[in-house]
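This is the structure I want to talk about, given as structure tokens.
Note that the chains are named A, B, C and D in the order they appear, and that numbering of residues resets to 1 at the start of each chain.
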Amino acid sequence: MILIWLLIVPLAAGPLAFFLRRRHLMEAVNLTAFAVLLCLATALSLQVGRSGPVSVLDGFFYADALSALVVLLSAFVALICSIYAIGYFRHDESNGVFQEGEKLGGGRAINKLREYYTLTPLFVFSMILVALANNLGILWVAIEGTTLASVFLVMFYGRETSLEAAWKYAIIGGVGLSMALFGTILTYYSAHQALGTDTLAGLNWSVLVGNASQFDKPTMRLAFILILLGYGTKAGIAPMHTWKPDAYSEAPIPGAAMLAAAVLNCAIYGLVRFYILTAKCLGPGFASHLLILFGLLSMGVAVPFILVQKNFRRMLAYSSIDHSGIMVLALGFGGPLGVLGMLLHMTFHSITKPLLFFCAGNVQQQLKTDLFREAKGGLIHSMPLTGAAFLMVTLAVTGAPPFSLFLSEFTILRAGFSRGYLVLAILFITFLVAIFSGFLIHIANLVLGPDPGLPSAETCRWKKSSVVGLALVIIVMGFWIPAPLFRLIQGAVDIVTSGR
Amino acid sequence: MNTLPVAATFTLSVALYSVGALVSLASWRKPALCRHICCGTALAGAIFGGLAAVFGILQGTAVRWSISSGIPLFAYSFDYDALAGFFNLTLAILAGAVSIYSFSYLKEFEGKRNIGFFGFLFHLLLLSLTIVFTAANALLFLIAWEVMALAAYGLVTFYHEDRETRRAGLLYIVMAHIDAGCLLLGFALLMQVSGSADFAQFRTAAVHLSSSQQAIAFVLFFLGFGIKAGVIPFHIWLPAAHPVAPSNISSLLSGIVLKAGIYGMARIFLEGLGVLPSWAGLLVLIVGVGSAVLGVLYALMEHDLKRLLAYHSIENIGIILIGLGAALVFRVAGHPQLAAVALIAALFHTLNHAIFKCLLFLGAGSVLHSTGSRNMEELGGLIRPMPVTAFCFLIGAVAISGLPPLNGFVSEWLTYQSLLAGFGVTGGLTRILFPLAGSMLALTGALAAACFVKAFAITFLALPRSAESRSAHEAPRSMRIGMGCLTGACLVLGLGATWFVPVFDALTEQLLGPRVGTNLITAHRWVLSAGTPHGGLVSTSVIAIALLLLLIPAVLLVSSAGRRFARRRGPAWDCGLPGLSEHNEYTATGFSKALRMIFSVLYQPRREIQTVFDVSPYFPKAIRFESEIEPTFEKRLYAPLKDLLLRFATRMRAIQAGSIHAYLAYIFVTLVLLLLFGVRP
Amino acid sequence: MIGLIAKAGLQLVLVLLVAPLLSGIMKTMKARLQTRRGPNVLQSYQDILKLLRKGMVIPETASWIFSVTPYVVFVTAALVGLMIPMTATDAPLSLFGGVLAVVYLLALGRFFLALGGLDAGSSFGGLGSSREMTISAIAEPAMMLAIFTVALAASSTNLSEMAKVAVSQSWKFLAPSQMLAFAALFIVLIAETGRIPVDNPATHLELTMIHEAMILEYSGPYLALIEYGASIKQLVLMTLVVNTFFPFGLSSDWTLRGLTLGLVFYLIKMLLLACLIVMVETTNAKLRLFRVPELLMVSFIFGALALISTFLF
Amino acid sequence: MTFLQDPEFGDRIITLMAALVLVLQIAAVGQRWLVSSIRIFAVQSFLLAAIAGIIAYFNHASHIYIAALLTLVLKAGLLPWLLERLVRRIQIRREIEPLINAPLSILIAGCLTLVGYVVAQSFYHPEETSVRAALGHNTLAVAIALFLIGFFTMLNRRKALTQVLGLLSLENGLFLAAISLTYGMPLVVELGIFFDVLVAVMILGILVFRIREAFDSMDVSKLRKLRE
């Protein structure tokens, strides 16, 4: 029954916020909904950890360790972003950020907030649906749902640039997802050849994975290519990454954080589901070459843009392109080590990335610009907490050792070595070092330096609590991982490697 | 021997450092209290660290213990063997002296700076260093290594107001991350061969390393540890970062953080990789010689006191690498005895350099503390207002130039002996290379002496050259005590070298096999021998006593000549011109002019003189003189690399040019290509 | 222990007596070659005694280092004198310091002399110290190569061992490596003792003086000590050159007969070397300061050739 | 009247209609007029609905009837009417100057069809499959070609509205693949897909309208402010 509740809570929160009109009530609904969601998600993970996969409505919704992990991460990110969103939008409203959008025909400020507080729960609902859907068709519908819900998020401020970003996001997303649909259809066709059943269960993952080895080999090869390109577009892997910088720099920070941390997981989750099928059908060789190629390509594309970046919001986008590249590369290396590295990376990335967006948001609201050129530096004086958190999270996100992402990158490196890809591993480390240098140089020049005399901006309780809370979680994760979480990850690794 | 409480004291020292870090961070609002807590806990931690090291060395056998953590492959496991004990002893001595020194050095921070944050980083640095030296798990080593780099970065950019410090800090952390990347790859390679993450397994699995794997691992580790130790081609961050840090931190940076690279090399080259081929040892030797000679040559041209000392760190790291390289060559040539002597020379010089370099930086720090300027051209005549600092700086200068009877001379003497022994034993090219390295070492020693004559004389002697140096005042009491301890350490290690050498027995036995300490000391405990049957002998203690005894005839000579001689103070000879002022004194630029002309090939000196005159050029109103030497490494090697990278990056930005058609075209082309080539089985 | 002190005392007396005598003889020999009468041989003793009785002027700017330097210069030179085998193969303190200790003790003396020069605060002192340190820095590697060549033969840097091995292998000095090493060490000797081609001891002209510039401010007993130290250093270096390359006449034990024979041979050898130095001084003009490194480069090449030749022949 | 039961006849009709759809698609690539390209899209949707109906009739698969009906109502009726109303409100008649001129783009469309066949050929081996699925087998190549040409039209058009049309024709290709290969996905999935396509078009319509407001032209190549 947990699965049903997991879906109903966000689904109900959206329209409820729509009718409540006043800001305080909407914020309260949003916050409580996501808090409940997180509790349900933890309960689900514990149950799955104890007693294996849970399914309801005769297999329509199905939750094994992998999907429980994605649900948990999405719920965590949603809660943290909603806490931050309260402070963020109060600041935006008081500084009249919505006026420019209104001139261009967008709604008034309070309508904008209503729009946000109705769409975000639906956005989270579709993310949860992605993880729980047993039927690959419904999986596609859910991911299409996330795209549709987030187009409005990108279009939120209604400026010319946000329209442009929304248009590109919608069109590229549409094309990507149609490829993914084509891949799903072909998978169904190759399964149809083998199973012959054309009832609803024909596309259920739990049914397909059982006898994936008898699928029609060439069709599965074409299907995996289309799925990789389709869900790769949603994950932001090069060369389908072009929409990401525009979308992340135009969406409001909480929306962008959810896009970067949660939707990335859903897209990678979809890719992993099909990877399991293809690996069982064609053997891991075919898929891993493609995944390694695209993984390294995305990391390679991210490096020059981070080194010579002018806008710190866009730099965050390239960092998330780099991280999706790392995850795909880890999947490409495969084997228990590679998959463990990928899942650890997905977990730690979802915890670390939102703080990066929150700090960037605070800085942008303080400086009213997101260009390095216009920021005179010395932010540590006017906003010590955000400055320190920004430096710390820059080190965490680029995989500097005391933090947890270093452990996942080390596991991925060992996976690369165990598969004998010495040159690829060296390339992998060079990209990581280049990105670390580019990132730290930009952020250090932004945060450190003489005091430009800006007024102190650390007033909002909500923003401060979310930044400090998340920073503490990141520091602790560097040294100690809660045992149930690790058991969940271990279970997910077994699913991906053995494909039970 | 009963089991000495090594693990207990070690964990107590680690606990003290961590508690110190958190408490000083917590109490940052009350600066005075915070200052005492920070220095007090650091001192206590250093004392217990020192105790643990002494017990570890006396114990002789390695002590291992570990605490498991939730994460796979990663355990907090420590291995306190002789090598770890030795480096922890160095760290303890330095940390103790610097904490005492910091008691009053941090007083000037009280109003302006956040002492709590400084204390936090200071304790983090000491903690990470302790863990780096004792980690037995590769992952723990890497994490402690990077935490050390990050803490050092935080401390280097403590005065982050001026651009130069920020630039130097970023250069430091980027280079530190590059070397961490190399180590990451190296360790991953070793872990893949040995299958597990702790050093004990590396030792046993070293024999399975194929020669190509060994070569790749050696290059990666040498690159990684070399960048951290600041050897010549990768040294550019060192003279940039160390001077801008607060003085008590730059002394730690030069003293012990550089030695982390040396510790890594000793641990991995002698244990982790099995018997390295002879070209590896020769490469280390050649890089050592290069670093030594170029380091001292660049130091000669520096007029900023702390940059001069930073370049000298490069020189001394070079000398240590000469010893290490010789040890590697002897090991592969099958002479463990000689390898042990060379290793003792290298590690003894590591300890000596740590002590006198830290002393010199603390001296420079107290000069900066009282005059506010690091530029030697503005200092001068400080020996009168600051006698104690001057004396300590003089002792440090004599020690670093390797002059008897101090500790610098003993370790350089051992290095010479091992190089000399190299002639007879190795074949082919190395027969010539060792004595040539010896002569280069002599050149380095002499140039170091010249450089420190300049540094000491221009800073401390004759007339003060600027208002600040005139108004200089002696350093506060705790700074003097800090320097005093290190001066004492220099003297004790210098004179008592023969009692200190057996400390290395357990170390050489573990790393190379033979226990050489005993036959380094001849029958009567005073004389240090070179290990070979009737090889070179030296005894610093007897030399010191003889020098004192010979003073008697000199004093008799001077005082016995008839009636009491009249001694009066008069003006120095001023060729008849009235009034000798500080402008007549020799400046640092003038002093190093001769060497700049001789080595102009290396320096490419450039000089620019502008005279301001109104009537005729022969009666100038003002002359502006500016001379500089060419930073060859930055200009020739690093600047073009950086430009190439940035130009490539800016060109690559064209793929995100904004047109949606282009974006769709990328996906379309990828799709078509994959369809055509991907589908084919 | 007592024998050691006795031998040291004896050698110390010998050093103190012979050093001024040797510099006096070299001065008169140089004068004779320039067809001048020149001062009598004992002039150096008289100079030192005169200076000891004179009053002393210490510059105002000078610190305690100015007054410590003369003692350090004298004492280091004297100690080195005890470490070098003069009349017998094993020098009194050879057990406690080899050739490296000799080189570095002289470097200690030079270090303090340079500091003393700079302490006076006048530009002459700085001039002298800068030149002295530069030239000694360039001379050091050449000296080390020559020493290594000789030390390799005896596979030890202990001077007594080297002397014993040299005595036992008669006519060894004819080997090319020994000759080249002698040439290298001879040039370094001239540079270290400040003779004509490198530095002119007799002049006070700023352009040419190096050693004199540093001790310009010293007067009275301090100047006496420094002059005495300089002459001992000259004696010691010449003895080092003589006894490592031409060791015959060194007695193997400290008996009276052996010592007297050794002393006679030693004095003859020193006179011959003095003549050689004086010959070089009178026939050459002083080199410009920036030509001196080329001369020392020549000596470095000699040293390297000597090293290679031990390996080749 | 017996030919109504003869599967051979059904196969002929379906291949004919699929070929017709492909021809219309290639014609749409070279099309100048906006309104007429909307009408071409309507006809294509109608033909697809017919194919779906025939497959449902011959295979007696009831749920495909629903899919056919939905396509007819939505894609053939509602969407074209909506788009034309939008075009009339924005008052632009003449429209399309494609990025690549007409003859070359038609040539490219031809090559893409060739690619579709090469890909379909590489993994379809007629001899094994059972007769029952033979009904719409060669339409896979047409589906891949439709997909690629639809993609290319999005690439080739400046106006926002025509890009939406390209996306819809892309969806048509997918629908054809779905019904011809597997006789339609499970009903719930079909409904989900239709719902998503409808919402997508609604949102794109709002976006086109807002862009028209903000940039007072629908030329998408002007959207270049967000760079690097």
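The rule is short, and it goes like this: contacts are C-beta pairs under 8 Å (C-beta built on N, C-alpha and C of every residue); 3 or more make two chains touch, one makes a residue touch a chain.
All values reported here derive from a predicted model rather than from experimental measurement.
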Ask   = Of every pair of chains, which is linked by the largest number of C-beta contacts?
value = B-C
Message = Among the chains here, which has the CA centroid at the largest distance from chain B's centroid?
response = D
Between chain B and chain D, centroid-to-centroid distance (C-alpha), Å = 71
Inquiry  = Suppose each chain is reduced to the average of its Cα coordinates; what separation in Å results between chain A and chain B?
reply    = 45
Note = Distance in whole angstrom between the CA centres of chain A and chain C is 79
Message = Please tell me the distance, in whole Å, between the geometric centres of chain C and chain D computed from their C-alpha atoms.
response = 102
Key: chain A residues counted as touching two or more neighbouring chains   = 167-168, 171, 175, 218, 221-222, 245, 305
Ask   = Which residues does chain C have that touch at least 2 chains other than itself?
value = none
Key: Multi-chain contact sites of chain D, meaning residues that touch two or more partners   = 119, 122-123, 151, 154, 220, 223, 225-226, 228
Note = Those chain pairs meeting the touch criterion are A-B, A-D, B-C, B-D
Remark   = Within the complex, chain D is touched by chain A residues 104-105, 135, 137-138, 140-141, 144-145, 148, 151-152, 155, 158, 160-161, 163-168, 170-171, 174-175, 178, 181-182, 185-186, 188-189, 192-193, 198-200, 202-203, 216, 218-219, 221-222, 245-246, 249-250, 305, 309-310, 314
Inquiry  = Give the list of chain C residues in touch with chain B in this complex.
reply    = 8, 12, 16, 49, 52-65, 70-71, 74-76, 78-79, 82, 93-101, 103-105, 107-108, 110-111, 114-115, 118-127, 129-131, 133-134, 136-145, 148-149, 151-152, 155-158, 161, 216-217, 220-222, 224-225, 228, 289-290, 293, 300, 303-304, 307-308, 311
Query = Taking the complex as given, what residues does chain B use to touch chain A?
reply = 69-74, 139, 142-143, 145-147, 150, 157, 160-163, 166, 169-170, 173-174, 177-178, 180-181, 184-185, 188-189, 191-192, 216, 645-646, 648-650, 652-653, 655-656, 660, 662-664, 666-667, 670-671, 674-675, 678-679, 681
Inquiry  = Which stretch or stretches of chain B touch chain C in the complex?
reply    = 381, 383-384, 390, 394, 398, 401-404, 409, 413, 416-417, 420, 423-424, 431-432, 435-436, 438-443, 445-447, 449-450, 453-454, 456-458, 460-463, 526-527, 530, 532, 534-539, 542-543, 546-547, 550-551, 553-555, 557-558, 561-562, 565-574, 580, 582, 584-586, 590-595, 597-598
Ask   = In the complex of these two chains, what residues of chain B are touching chain D?
value = 653, 656-661, 664-665, 668, 671-672, 675-676, 679-680
